[in-house]
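There are structures below to look over.
Look for chain A in each of the two complexes below; its partner is chain B in the first and chain C in the second.
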Partner chain A sequence: MASESKMIMLRSSNNEVFEVEEALAFESQTIKHMIEHDCADTVIPLPKVSSNILAKVIEYCKKHVTSPKDDNNELESFDAEFVNIDKNVLFGLMSAANYLNIKSFLDLTSQALADIIEEKC
Partner chain B sequence: MSQRKYGIGFLFLFDSIGYVYKGKKFAVYLPEELLTNIFLRLGVNFLLRCKSVCKTWLSVISNPLFVESQLRRALMTPTLLIIDYPRAAGLPSTNIVNPFPRLFEKCNVVSCSYNGIVCLCDDNDAIYLWNPSIGKFKKLPPATRNRPPCLLRYDKVVFGYDSISDDYKVLKMVYENSKDFMRKVYVYSTKTDSWRRFEDRIMRKLNGFGQTDIVVNGVLYIKSGSELITFDLHREVFGLIRVPDFFGKNMSNVLDFEGSVGIVFKSVGDAEGIFLWTLDDVSGQMQWTKKLRINAYPGSLWWLYCYLGAGLFFGKMVPDHDMFIHHILYDYETEETKLHVRENVCATVKYAKTLVSLNGFEPLGNMPTKSITGKKRSRGSSID
Partner chain C sequence: MMGESCGWSFLLALPDDIFAIVAQSLSPRDVCNLCLCCRSLSALATNDKVWFTQCEMLRVVPVRDLVEWRKGVLSYRVLCKFLESVKSLIGIWVHQNPELGNVVYVMPGFISIVGCRIIPQELGPLGIKEGPILWAPVFEILGDIDGSSLFFLHGRDKDDDYLYPGSVKAVDKACNMLLLEVVPKEQISGEKFADDKELLARIDPLRSLNLKSQRVFGQNKQKVQFNRLAFGDRRKLLETVTSQVRLKVPDLASGLLFPRMSSDYKNFQQDFMHLRERRYLLMQMHKLRNNCSKYNGNSQPPADPTQLEISEMKKALEISTGLRTSLGEDDCLTQSTKRKNIAGYFKDGLKQILGKSTLTIYGRERLRSSTSRSDSKHAQLQEFLYSGDTIGLALNASNGKLSSYRAWPNMHDSRFALYKLPMQEPKPSQEYGGLWGGTFGWPPGMPSEDKPGKALYFLFLSYEESQDQRLLIATKILEGTHYVLHPNGSAMFIVNLDEPSSETFPWDSDGDSEPLNITCAYTGEGIANGYGFRYPGSKPGSLFVIQGGLLAFIWKESRTVLTMQRLNLQELLKKGERVPALPPTANFAYLTKSYSNVFAGFSSTSNGLALQR
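Now for the complex of A and B:
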């Protein structure tokens, strides 16, 4: 990790600002695109993502960016626990993953929802 | 919409697309692309029920692009479709899920299944295309005019999928009259819903009924003695591939091994054992290369039937000490062999559950079959 990593500010739909490292923010292809194409100012507005959802998204990205590449078991159990939540939050996370274009997160949340649906039938 | 009929899962999903339900408005709105994402991860049986929930769901699931995406996912993890033939009664049948349609009682399964479609034909020249997952089928128009039944016995029917034109084709190789020394060929295309007749000298090479066949990369390979008769399904052209002499007579079925044509054969000599060889394009030339060793039942390769993917070879055998057929699953990566006992003689087909429906498909309707003892029984099952 670079000692001076650039910080990005993300503003949620309810105007709460989150400061994250650029490497973490770049997990989102949407944010990455906005920054690389100079479409954003100092703060990136994310009007479709509420702060509690955004906090969880950041938590997910942080874990995936900072974990060593070969520790698959740890990541798998983290992911499994991460989606073991209220279905409405899960839907919110999936929508956010889609909007922010974070593929691994979208796959994780969609699969979790599909599993719940098939299990309940 | 009653909970009893559709289950909690439906309500759960239905809630989330922002509909007003029982006076409550739900805040979460799920766009169609996300709905598709979830649907792609659900099983075919479930999806078929989802179709009757609302217009949005019906349109998403019926969309040909969705059917294609679902198909591609399904093909990544093939399973087995097991059909217990009614005429093999006498032994009690095991756990069955779907009834085997009475319509197909006298039929044999032709070739392999492709994209979830199974081809069946019976002794009376009737050929069917069937998707067991959605319960729809069609009967093919006749290829030839009435012929004496003794000639029908020498028909060879083969089924394949042309991925270039997205066309399911059936080949029929027949003796039209008793004076024919070589079979005539009829090709049926689902797209045109018609047969085309032609002759090819390569048909002289097809001895007897030919053995197994498989489609790899749009080309049909029919094993015939020590040669492979090929048929390019798109261009509708025959060819011939020789199998190395040292393969000898002891060869397995022709397989689709991860996109290449494969044959397993037992070598005698310095490299004793059973090996899989594949036909690959090596610098522009088609060559047979030795791929891997098969360590299940080194004494014989007659058990080997097909390659399922993900390292698994599937086969059947009746061990010496037993009278029941055993299904064998051999994992070449872990070198583990698993056995399952099957109590009935049956057809087992490498299969993937899909929503694919062809032109002219009609629903089967639930027709139970009867066993010899007169009790109603169900036939046909799938295992993962």
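Now for the complex of A and C:
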């Protein structure tokens, strides 16, 4: 029997549950540590992350986990489009990236914010 | 700018760690702009974490040093300000004289940058990488507690080491010339005189009134730049000012300029302690000298003020030349006896200088009816001195139109200047650029036991595109022989990177009998005797690239071989041996033509060096 990849349940601040593959969830160092050290039950609560933000984070991780490693151009254009959003949403993503400890995502969102600031200055 | 407060309030809610990451992608200027937006943003953006990242991004010093340096300044922000202002000074600076080579390497010290001259020398018994390299201090720029720059020129006068304090003019980021100048300064507003109103009233009742009108008057005039003055005037000004501002170096201050290379942690910490003490002492000395106008008649006046009172110089000028000033300024009558002594001292010194110039250039009899040219020169000098209240030393890093021939800048022979060699960062298609150390003979590096020490050569390799050919030029910038063979800045060899060589390398193994692996070879030409000293010729030769970071150029006919390896000057200097400097002006820029080693006042043979170790 081919074992299916384990699924992790994530609960957002407004009690919405998202089911994701383990590999995807492990993009977040926070979640990874919680699971590896048996600190979590079946569902991992993420009180600091709202549903819409969590959905976007999952979308980012999914793209980066499933994309082939050498397709940099596609990833770059995806990233550029991804952060072309409202400032408040960007802020939400940054906080989530920091809380969930997803380094590449934090760098991406920080760079995006820096670009906006530079534009304004 | 960021006028809308509603959309940006989240920025203030960002934890400072994250803001530091955001700030990584911002230039220091943008972070400063953020500080100007509003008080809360200012608090966020002046956070030490943010500025620590900015300092890191400048890549002037490694992180470990940044942490040590931070302890001596108010914040990472002022440290960043200092680092940014001195960053473009770091690198290799050269001068034409003496022909053996004049290489000043400017590198980070301890909350400072230090200019060290590598003197022409021979290799010691330990070879290039280990044998202590001989160097002499040229100048230092210390970062004050608030990040401002304090300039010290190093010099020696009759067996004593001195420091000559001065200021630093705003550094041009694209500077290619470093000039030593004398600059007149205006006393900053009434604040400085607030404490000394009594003193001022005693000395010159009309001066405080004159000051304002003088400044207004001064602003309307075109200021005479130091570099516009005649060479003789410039040299005399420098000599006068340096002789007056010099500070005797107490033992503590003559010590370390930068931490030494040491694997021992204890030594390392001790070095830092000495560096901190020395820096504190120098900061005090610099500050004290700058406030020479503040002393009252009772206390001992500083013997060597940083800034000379220009009024004293003007008075001396009037007396010795008999010319009346056009400004109608009152003479600065010295009431205090102590001041009289200093005034007298200046007067004598200047009388000597100006007396000489009046004799040689003008002639006492011809004073009234001097030629218009000498009149204008004299008028220029007077105008220069009149444009301020005090006068002092200054370092001017500027960008000038410089032409160069084969990577060697064409230099003015009457400017007290050092010229920058453009940085050659090794890139994928240009991996040989930069500084290499070389010696003649095979095996490379080590001097043989029976022969005298091998002369150490410094070669600066650079790339040039000429007529669709990619050329690699090796410019000689330092020669360790006793009497120079070819002019400073000559191309020791030029090879064509598009033309491989079919020559075979004469040896199979190196000095340690390790087999050699020749990666590639290029054809070119090496320097040879030509029409006299000034115009060397060239003879064919080939450049061999040997695995392990070695380069070897062999002249085809004579089979002479020049081997080169990369040098990390900063490391070498940290392990090096300090030798005495020259008199201050000559220590900065040696303008006299010379073909021998003017920097070595001692025996520089390898035997001598071996004995010293």
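By our rule, the second predicted complex is superposed on the first by the 118 of 121 C-alpha atoms of A that agree within 3 Å, B and C clash if a C-alpha of one lies under 4 Å from a C-alpha of the other, contacts with A are read in each partner's own complex, and residues count from 1 in each chain.
We take it that a contact is a pair of C-beta atoms (placed from the backbone, for glycine too) under 8 Å apart; a residue touches a chain by one contact, two chains touch by 3 or more.
None of the values given here were measured: they were computed from a predicted structure.
Undergrad: Identify whether chain B and chain C fit side by side or clash on chain A in the overlaid structures.
TA: clash
Undergrad: Go through the superposed model and pick first if A:106 touches only chain B, second if only chain C, both, or neither.
TA: After superposing on A, A:106 lies in contact with both chain B and chain C.
Undergrad: Please work out whether A:91 is in contact with chain B alone, chain C alone, both, or neither, and reply first, second, both or neither.
TA: After superposition on chain A, A:91 lies in contact with both partners, chain B and chain C.
Undergrad: Based on the superposed arrangement, let me know which partner A:39 touches: chain B (first), chain C (second), both, or neither?
TA: neither
Undergrad: Both chain B and chain C touch chain A; at which residues?
TA: 87-88, 91, 94-95, 98, 106, 110-111, 113-114, 117-118, 120-121
Undergrad: For chain C, which residues count as touching chain A in their complex?
TA: 1-2, 7-8, 10-11, 13-15, 17-18, 21-27, 29-30, 33-34
Undergrad: In their complex, what parts of chain B are in touch with chain A?
TA: 7-10, 12-13, 16, 28, 30-31, 33-34, 37-38, 41-43, 46
Undergrad: Which bits of chain A are touching chain B when the two form their complex?
TA: Result: residues 87-88, 91-92, 94-95, 98, 106, 110-111, 113-114, 116-121 of chain A touch chain B.
Undergrad: For the complex, give me every residue of chain A touching chain C.
TA: Residue list for chain A touching chain C: 87-88, 91, 94-95, 98, 106-107, 110-111, 113-115, 117-118, 120-121.
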